[in-house]
Amino acid sequence: MDNLRPLSTTQGVLYGADGSARFHMGSTSVLVSVNGPQSQGLGMRDEQEDRAILDISHIPISGTAGVADKHMEECIRTTFESAILLGYHPRTMIQVIAQTIKDDGGLLAASINATTMALMDAGIPMTAIVAAVTCMVEKETGAILVDQTAESLERAKSIHTFAISSARGNSPDPNVLLLHSLGLFTESELSHCQEAAVGATDAIFAFMRKAVSKKIEKGHQQDGDMQED
Amino acid sequence: MSRLELISPEGLRIDGRRPNELRKLTAKVNVLSQADGSAYLEQGNTKVLAAVYGPGEPRQRSKVVHDRSFISVEFNIAPFSAGERRKRTKGDKRSLELAYTIKETFEAVVITTQFPRSQINIYLQVLQADGGTLPACINASTLALVNAGIPMLDYVCACSAGSIEKTPILDINYVEESSDSPDVTVAYLPKVGKVALLQMEARLHIDVFEKVVALGTDGCIEMRSKLDTVIRQGMQQLVNQLEQ
Amino acid sequence: MQVSTNEREFVLEALRSGIRVDGRKPLGLRTVDIDIGADYGHVNVRLGKTQAMVQVMAEIVAPYPDRPTEGQVIIHSELSPMATRNESIKSAETELTINRMLERIIRKSRAIETEGLCIVAGHKVWRIVINIHFLDNDGNLLDAACIGVMAALLHFRRPDVTVIGQEVTVHTIEERNPVALSINHVPICVSFAFLDDGQHPVLDPTLLEEQLCEGDMMIAVNAHREICAIQKAGGLGMETSQLMLCTTVALEKGQEITEMIQKALAEAKTKML
Amino acid sequence: MTALPELSFSVFQRLQPAEYQKRFLAQHVRPDGRGLDEARPTALTMGAISTADGSALVRMGGTTVVVGIKAEVGVPPMDRDNVGWIVPNLELAPICHPSARPGPPSTFAQVCSHRLYEILINENAPVIDLKDLCVEQGKACWVLHIDAVCLALDGSVLDAALLGMVAALKNLRLPEVIYDDETVTVANPEDGQEEPPKTALNLHHLPLSSSFAIIPAEDTRTSSASSPHMLLDPTTDEEELTEQRLWVVLDAKSEELLCIQRLAGWVEGADARCTGTGGTVSMDVIKKAISQAKERATYLQALLGDF
């Protein structure tokens, strides 16, 4: 009962990047490339002696990046700072570039999902994988809907984006790394949205696992082919 | 539809020139006392001042090239140079591209390997713009570089050309330039017989294009003798001064 | 990243025997893949491993006071870090060259009929915004961008409008069939790089060849055998005969590419039906 | 061998800022004497700047923000011709903190400006109705430049800036405007003998915010679920300890929520444990934060006075 729009993803779509992935949620689509850990392009001032830093660029489909894109970058950065094992690569930078292909609602969530796939493609060590989804409370009906189109989001009374880590430890609660709620809403609406988001992200986790194992299988096949040659 | 008669029935252009005629060129070297080499050039109503400093120590360490010198070009166009006052004079893309084009052209012609780890600065100031800014800047730079005593493979002589109603025309002015006529700039190395720079805007049929480039090249060859005269005059003046 | 001496020698030696490192002939083009998206004006182009995405959009704005009856065309072609990771120093100059060439190819050659974009003279005109995103760089970004832009412009449809006096009604795509842009001609850019003291021109250079080249030349042509823009600067000079050879090759390749675009558009059309 | 001089607490604070803070937190108290759920005293002065059309000065502990609104007449956007618009901006001038640098706004300042913008134009709960800013449909409207300048920065700058912006909007008086045949005349006090009438805007919602810094409790080593420390209204020193944040915005009118933002972020030592559960914030913790924020909103609303 996750009610997500159709998901699809492809890893390793770019040849110049260390890792890359495209992620579609319905017609919302994002392409992410990951470079690093590297020291190239890292300013002295930004360098951290005990960990890698994350450098996120969010590029809109039209025009140059604005304040809203900076905000997205901040959301993506903080989310992954607590998921990537940054301490394994001190004095380096991990560069993430998220290019919007199409925004049809839930852009931030799609960007986070694409980033997870691209980080995995680049082989960056993480404590857990992260999935994100946008929920909304409909104005007229009060219904809680998951992963809606831009058109549908216009009917929302409040919009909530969750990024949830797959690592829960022993805690019964979901490990919410990012919560961005906006609109007019009550506490109970928020907790209902969180429940819906947990269900949806579980489905996304399953989808991500399937995508990665398929890719690995395919990789083995290709290796086999090459040996035969 | 022609709003303006660019070529009269007698075959003369708006400023009275024949199609294959260059504008009047007056130029002088050694016009600035501070610079290592300098030149002032008037090509019709286009007026350009060029100054060359160097080879000297590079201002930015990061730009040093270990086996040759690099050229930096700064291009500035005065706000009063054209009909309407220009608001953005520096740093707009057109000016940046112009500077970059000139730099690329001269880096291939100046014997930069003679001066490893150094920098040559070319400053260009357009005082009046009446078409053909780029060729005028290249010609002025050539004069200033020679004046500074910097070794080069050849003179770089530049000239613009265009085409009005299928008639190729040489050295186009502002009115012709802004009339949707194609605008071809050729920089030629007359001794080597090679084209150093070629730039074109707007549409031109391939058959006409060949003729326009040929005309532009001829213009460059003619330009060479004019520039050579200017250099020799400047040198003569220097000799005269020394003799006194 | 610097190219090692061995690598350079390898490329040049291969070229001297008439073949390129990726197996192409000197004047051969890499595989062109034009992927036309589901939305109007969305195109993804692959030129070998080089990849660019183009999105064309239209919005209503007030015209420039000195051109009250003309629509506007804006080109955004900034290089994002996605495509410039390996050559951070030269990227500013690459960006400038690409930017200015596209301005010349699309705007100066009047590829789009701007008078047709006027809605109410002096008040409202269409502004066509062309966004180019370079996703992957294996050389020759400009040609890939140019193919993408032309395919996207040909594919793009703007919403229909009705004008009654000064009142403008914009009809959504569902209400009324959207309108295609009127395109005067289709300029296609073909780039050359000159290697080995300018003796060997190669068409559609890869990133490696771009790093090794002494000079380059970009020629934009169209199906009417017209040259729409040329840029050649730097490097050793070039003889006129060689120049003419390049233009002839450019015309030929331009024709090929134009046909590829037409084919991709036709396929996209049948897919939609 | 000489004995090391005894560490004075100020030396300890400088050398080991994180440890210094943690020692306090273990005792459920903060270095400045506050409890974890206690905010700093807040002072609000409205109409502090006479040259602005509306203004306010906020002091929240060591954080001081001045907000000034300048109203200009502009042209409504082409797609919605019956509204005006607002431009909120937060400036972290170099004067406010050693880390602030001159030049274009930092990422932090830009992100803050965006968050404030999101709150003020929230379509479901707008503070002001943008239609109220329309002067003449399709021809003229008000553009409100809401500039918040931070004079001193000691944490929780968003709370101070938002309070200042709301107060300045309340303080805003728009002059009379006459629209007549393509020209707009703004009534000028010098023209007439007496001050021409000015109108205030209706405030429909009243967003009031609280910031929390989240510090994972120490015993996560055992990976047992212990709730993290939540510091209401953190100072800069406290903010530097953690990048984990919670920001709650309430509407004091409807008592509903307007915005909740939970940002994770780098947590020292989380890597070593490899659990990835560095600062799990459960719904209970969020509910606790909401109730604290409600209390604080009541206090802040009293400062704003009647509506």
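Residue numbering begins at 1 within each chain, and the chains themselves are lettered A, B, C and D in the order written.
What we mean here is this: a residue touches a chain if its C-beta (ideal position, glycine included) is under 8 Å from a C-beta of that chain, and two chains touch if they have at least 3 such contacts.
Model, not experiment: these values are computed from the prediction.
Placing every chain at the mean of its C-alpha atoms, the farthest one from chain B is found to be D.
Looking at which two chains touch through the most C-beta pairs, you get A-D. Centre to centre, using the average C-alpha position, chain C and chain D are separated by 46 Å. Chain centres here are Cα means. That of chain A falls 53 Å from that of chain B. Rounded to a whole number, the gap between the C-alpha centres of chain B and chain C is 29 angstrom. Chain geometry summary: the mean Cα position of chain A and that of chain C are 32 Å apart. Those residues of chain C whose C-beta lies close enough to touch chain A in the complex are 38-39, 42, 49, 51, 53, 55, 57, 76, 78, 80-83, 85-86, 88, 129, 131, 133, 135-138. Chain C contributes residues 93, 96-97, 99-100, 103-104, 108-110, 185, 214-215, 217, 221-222, 224-240, 243-244, 247-248, 251 to its touches with chain B in the complex.
Listed in rising order, the residues of chain A touching chain D in the complex are 51, 67-68, 70-71, 73-75, 77-79, 81-83, 85-88, 126-128, 139, 156-158, 163, 165, 167-173, 175-187, 190-191, 194. The residues of chain A lying in touch with chain C in their complex are 14-17, 27, 31, 33, 35, 40-41, 57, 59, 61-64, 95, 97, 99, 101-102. Taken together, the chain D residues at the contact with chain A in this complex read 107, 110-111, 113-115, 117-118, 122-125, 205, 223-225, 243-245, 251, 254, 256-267, 270-272, 274-284, 286-287, 290.
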